[in-house]
Amino acid sequence: MIIVMRQDASREMAQEVARRVEAMGLKSHLIFGEERTVIAAIGDDRRKDREKFESCPGVDSVMKVLAEYKIASRETKNEPTVVQALDLKMGGGYFGVIAGPCSVESEPQILETARLVKAAGAHGLRGGAFKPRTSPYSFQGMKEEGLKLLAAAREETGLAIVTEVMTPHHVDLVCEYADILQIGARNMQNYHLLQAVGECPKPVMLKRGASATMEEFLLAAEYILDQGNQQVVLCERGIRTFESHTRFTLPLASVPYLHSKTHLPIIIDPSHGTGHANLVPAMCSASVAVRADGMMVEVHPDPSNAMSDGAQSLTPTVFEQTMRECEQIARALGITLS
Amino acid sequence: MIIVMRQDASREMAQEVARRVEAMGLKSHLIFGEERTVIAAIGDDRRKDREKFESCPGVDSVMKVLAEYKIASRETKNEPTVVQALDLKMGGGYFGVIAGPCSVESEPQILETARLVKAAGAHGLRGGAFKPRTSPYSFQGMKEEGLKLLAAAREETGLAIVTEVMTPHHVDLVCEYADILQIGARNMQNYHLLQAVGECPKPVMLKRGASATMEEFLLAAEYILDQGNQQVVLCERGIRTFESHTRFTLPLASVPYLHSKTHLPIIIDPSHGTGHANLVPAMCSASVAVRADGMMVEVHPDPSNAMSDGAQSLTPTVFEQTMRECEQIARALGITLS
Amino acid sequence: MIIVMRQDASREMAQEVARRVEAMGLKSHLIFGEERTVIAAIGDDRRKDREKFESCPGVDSVMKVLAEYKIASRETKNEPTVVQALDLKMGGGYFGVIAGPCSVESEPQILETARLVKAAGAHGLRGGAFKPRTSPYSFQGMKEEGLKLLAAAREETGLAIVTEVMTPHHVDLVCEYADILQIGARNMQNYHLLQAVGECPKPVMLKRGASATMEEFLLAAEYILDQGNQQVVLCERGIRTFESHTRFTLPLASVPYLHSKTHLPIIIDPSHGTGHANLVPAMCSASVAVRADGMMVEVHPDPSNAMSDGAQSLTPTVFEQTMRECEQIARALGITLS
Amino acid sequence: MIIVMRQDASREMAQEVARRVEAMGLKSHLIFGEERTVIAAIGDDRRKDREKFESCPGVDSVMKVLAEYKIASRETKNEPTVVQALDLKMGGGYFGVIAGPCSVESEPQILETARLVKAAGAHGLRGGAFKPRTSPYSFQGMKEEGLKLLAAAREETGLAIVTEVMTPHHVDLVCEYADILQIGARNMQNYHLLQAVGECPKPVMLKRGASATMEEFLLAAEYILDQGNQQVVLCERGIRTFESHTRFTLPLASVPYLHSKTHLPIIIDPSHGTGHANLVPAMCSASVAVRADGMMVEVHPDPSNAMSDGAQSLTPTVFEQTMRECEQIARALGITLS
């Protein structure tokens, strides 16, 4: 950490800061510049409270040198983590495809969708049984009944089931049926939930919060990893910006950035990331080209009658075409669709 | 709701949309413009799935006329709600002052702070016992022990205790000690938690999520109100924007806006909203002048040794001065500090 | 336009609004809902001042049905516009590649870069002669001398020259040397400049402002088109968001969105869009896959000695590899690199 | 400047960076930490190209210690600058009030408004003669005719005239009529324009760009100051965020922040900052309380017939009431309204 003193700070103030740095078990190093004094604190300060220096007399600002996450870091483990559930693989050259409806609505709906997305080449089936909805008056999901229908769809198709868990109390239940537990964007910083899935034997897909920085995203993953669960997939699903022609703004540059910082696989959710079905196919192609480790796409047999997220769901026909284009790009780049 | 057809949509497509509107139990009204056809859907469509029209053939966009929240709305209840806990009042001309440390750290720390903020004029004491922290390696709070210390501080000073509850499982416990339950910004859309505090007999302070729109904020309040708990205070604590010289961007215009839409009281958190102690006093004064219903301010007897949020905590001396200025403004405007 | 009345608005207020709509030369249509009255204004209201209705007594909000841009709209001209300068083509299936340094620095620098990017497959050469710099103390460009060096580079390589013009007064000068005039992001709403290049016989590349909405972007293009210059290329170069690990956030979904709304070609600037050279190659690949009409990439023979934007410039070697990958994707998708 | 090396960087790479630091005329200081090497560059590096170090082999990131602006800095001049034009004073305890219509529309409109705002206590009159409009089809202002009407209004009322100049070519003309030249938000980084007004003998009001950081804002002021014009007023008018219930998000914390960094006065524009007349009065009161140096408010005798910005203009009656409340707050705080 680097601590920058104000121009008008006295030599004593800088020395007091240095004393506090030493008291934390770090080495301090004072540098007297022409205009400012700077104190370098040397050592692993990840678990130190670096902010408190901002309140010391004479301090202008504190700059962190070391990112706070550690287990998630490529500096800790350099080879890419491959997350696998049944035939679905993400990471290390595998591009996993998860598709399905926003919500599980009925047995015919989920089974039909499962067959169609499997035929188109997906290896994972998404479908919400517990639905976090902005309004208390919206459909809240089929709950355990929905989980059973997902399991039936796996039974028939062999697709790995990816479904959301919303509260620590439900982790055991969802874990019983799902192959991958999804943490939704609104729960990215629900720390009790992160810890609960961290103790669970199934892989976890962690969605980025709509206003989470990359460091916050990786620290949320760190909460899970820190409990012992190493099978974590990150999912970029768009951030909230001033743009209103899309539901969120989907920053694909997160993929090469995260690949440079973490060994965990990163997948893209172009459905929530754009919010409009007509923008999804091009963003699926771009997800393969940017070398994401997979994608999660909303597909519904009849979007205009979907109980949630109809506007962003692909029809099976469009999904089929999209997969063909993704395969061509994957082949050109030596990526394996899974 | 207004449904706008694409320019190239056929008359049949518009009629099909109208049929679906009627099937929802609403009246439809087709308007054929020079370039576009528009369908007005008449009736209370708050609990209808309005998004699904976006997937109908020929539809360009859907515009909502009615906001989705209802119990929170000024159209449902026009007179302002006053939320009270012991001597702390917020709303209806009362400006409630809640002050205290970010975290409860020890008995002397919380008792000393309680005495000081009480002497300066506060009627509420804040202090985190369960702390949501971005990093798993940061101090996570004293937990139940912290709640007991808060209760002891109330015992001595008469201040109302405001403290955070992070997970549904803890609601009963926190409810036992606290006078007002705080839902943190990261949990604004933790729906199981909102429902749990909605069933609780204590008032709830709901903080705005860092990327929540006003409608999402009011719908989160609606989750609580819908369970029967009518004592809800909204807290504006800043939103995430591109600005980096402050921790968040604190939009005080939320106050007159929310006052125009809801009867619930709205308070300001200038500590999280700015992140730097030197910006807090001016924003406290502005909170009174903008006619907020209160403020929540971080105060610590020794900010540079605080276990969390030291950078944004006021010293007792600065808090005292800030309260004097707030009182002058309140007096000039006929507002009662509480 | 749809005008929504407040719940408490009287019938007379709605009728007064209707009268004003008629006075504007539009037809009005009143719809009395259960809770709200809505007035539909029928006719081309693009050139009407729609905002002023917000100030009429009883009005809650005004929703636009028609976008304000017209010449840029796909509803006016459906076939894609192809912008061409020498061998560089953008639009209608052509993916144009423009590469080169941020700034023209010297004759050897620009000539060497021109040869290298030409050899790698680019058909356009970028290079700033007039440089808009955030700080008055930064290098401001070689000015006319720089333009002459760009012309010399074209002479030798046949590459089309793309360079920025910053002020109306320089339009004639830049037009003399450049093949495509670039309007920088900071000048996207410099209307005198837009009008000046609108009268110019050369194509214009218009960069999106860092906080411009899509409608503002297309209206800026409309300023140019409205002066008679139909050769306009849009360039998405990233928006300002809370993200700080990239210089800007680069939303590739702009490409399919803009393709659905306008016939103008859309290219991507992954260098400014990310700000870090290590993120650029993956975003180039994604730009091809998302079916943009081209890209503009910063390449410098020695980035660590560049006079500006070194951090985001590719070395010639990395650019070469990037082009090979882009070609593979283009071939797989039937796109022609130009 | 602090240069942080990557974990895997070699000692030689760090030494090469140090050599380059020295070659720039700065002193270098290497610090070998447990995990990272850090190089401190000592000396005034404001006018050095600090970004280029990011391209050096082994460099992870570069952190600036010194802000790039200098003349604008409080470290250069500590006492507050007071900007004065006729009786209008901003800064140093004076809160200047500028009011008037968005656009000059006619002689009776501007004269009537001038009389009314003067009677209510304003000392400055705003009014656009050259109007930057998002759409080429909107009213573009009365141009020189509008300037003459403003001069006539000054003649009659003694109010100082504040009006916008949009392009360098018009600076002399506007300077002839105006008392303060306004640079609009869209032109904050129009550097030729900044330099042109920097050579002008009249004070300049510089509005913050909708996505400008504080450093960019102060560097834009620096462009003006650097030409010799020391009479610069900063105007916070809101930033673009995800919020859509207001036109922009108005961060009042800019006031104490800017006061800590610069000696220049800072005023608030609550009209553009919110976009809705019903939110303006509360934000005017808050502007006084936050200790801004003034405000600029849109007032129109008949907002629902205004030619621009009607939705955000106060009626003279509401402006009058707003001024009474501002005066009460000012009196309570010892601020002088001017």
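In order of appearance the chains are A, B, C and D, and numbering begins at 1 in each one.
Note that a residue touches a chain if its C-beta (ideal position, glycine included) is under 8 Å from a C-beta of that chain, and two chains touch if they have at least 3 such contacts.
The model shown is predicted, which means the values in this text are computed figures rather than measured ones.
*Asks:* If you tally contacting C-beta pairs, which comes out ahead, A-D or A-B? Let me know.
*Replies:* Of A-B and A-D, it is A-B that has more C-beta pairs in contact.
*Asks:* Using mean CA coordinates as chain centres, what's the chain A-chain D distance in Å?
*Replies:* 38
*Asks:* Return the distance between the CA-based centres of chain A and chain C, expressed in whole Å.
*Replies:* 30
*Asks:* Please tell me the distance, in whole Å, between the geometric centres of chain A and chain B computed from their C-alpha atoms.
*Replies:* Computed from C-alpha means, the inter-chain centre distance equals 26 Å.
*Asks:* Multi-chain contacts in chain C: which residues touch at least two other chains?
*Replies:* 211, 239-242, 244, 276
*Asks:* Line, ring, star, complete or other: which one describes how these chains touch?
*Replies:* complete
*Asks:* Once bound in the complex, which stretches of chain A touch chain D?
*Replies:* 2, 4, 7, 29, 31, 33-36, 38, 40, 42-44, 63, 65-66, 75, 240-242, 244
*Asks:* Along chain B, where are the residues that touch chain A in the complex?
*Replies:* Touching chain A from chain B are residues 20, 46-47, 49, 51-57, 68-69, 132-139, 166-169, 186-187, 189-193, 209-211, 215-216, 219, 222-223, 226, 239-240, 276-277, 303-311, 313.
*Asks:* Show me the residue ranges of chain A that touch chain C in the complex, using the header's touch definition.
*Replies:* Going through chain A, the ones touching chain C are 211, 213-214, 239, 241-246, 249-253, 255-257, 260, 273-274, 276, 278-279, 281-283, 285-291, 325, 328-329, 331-333.
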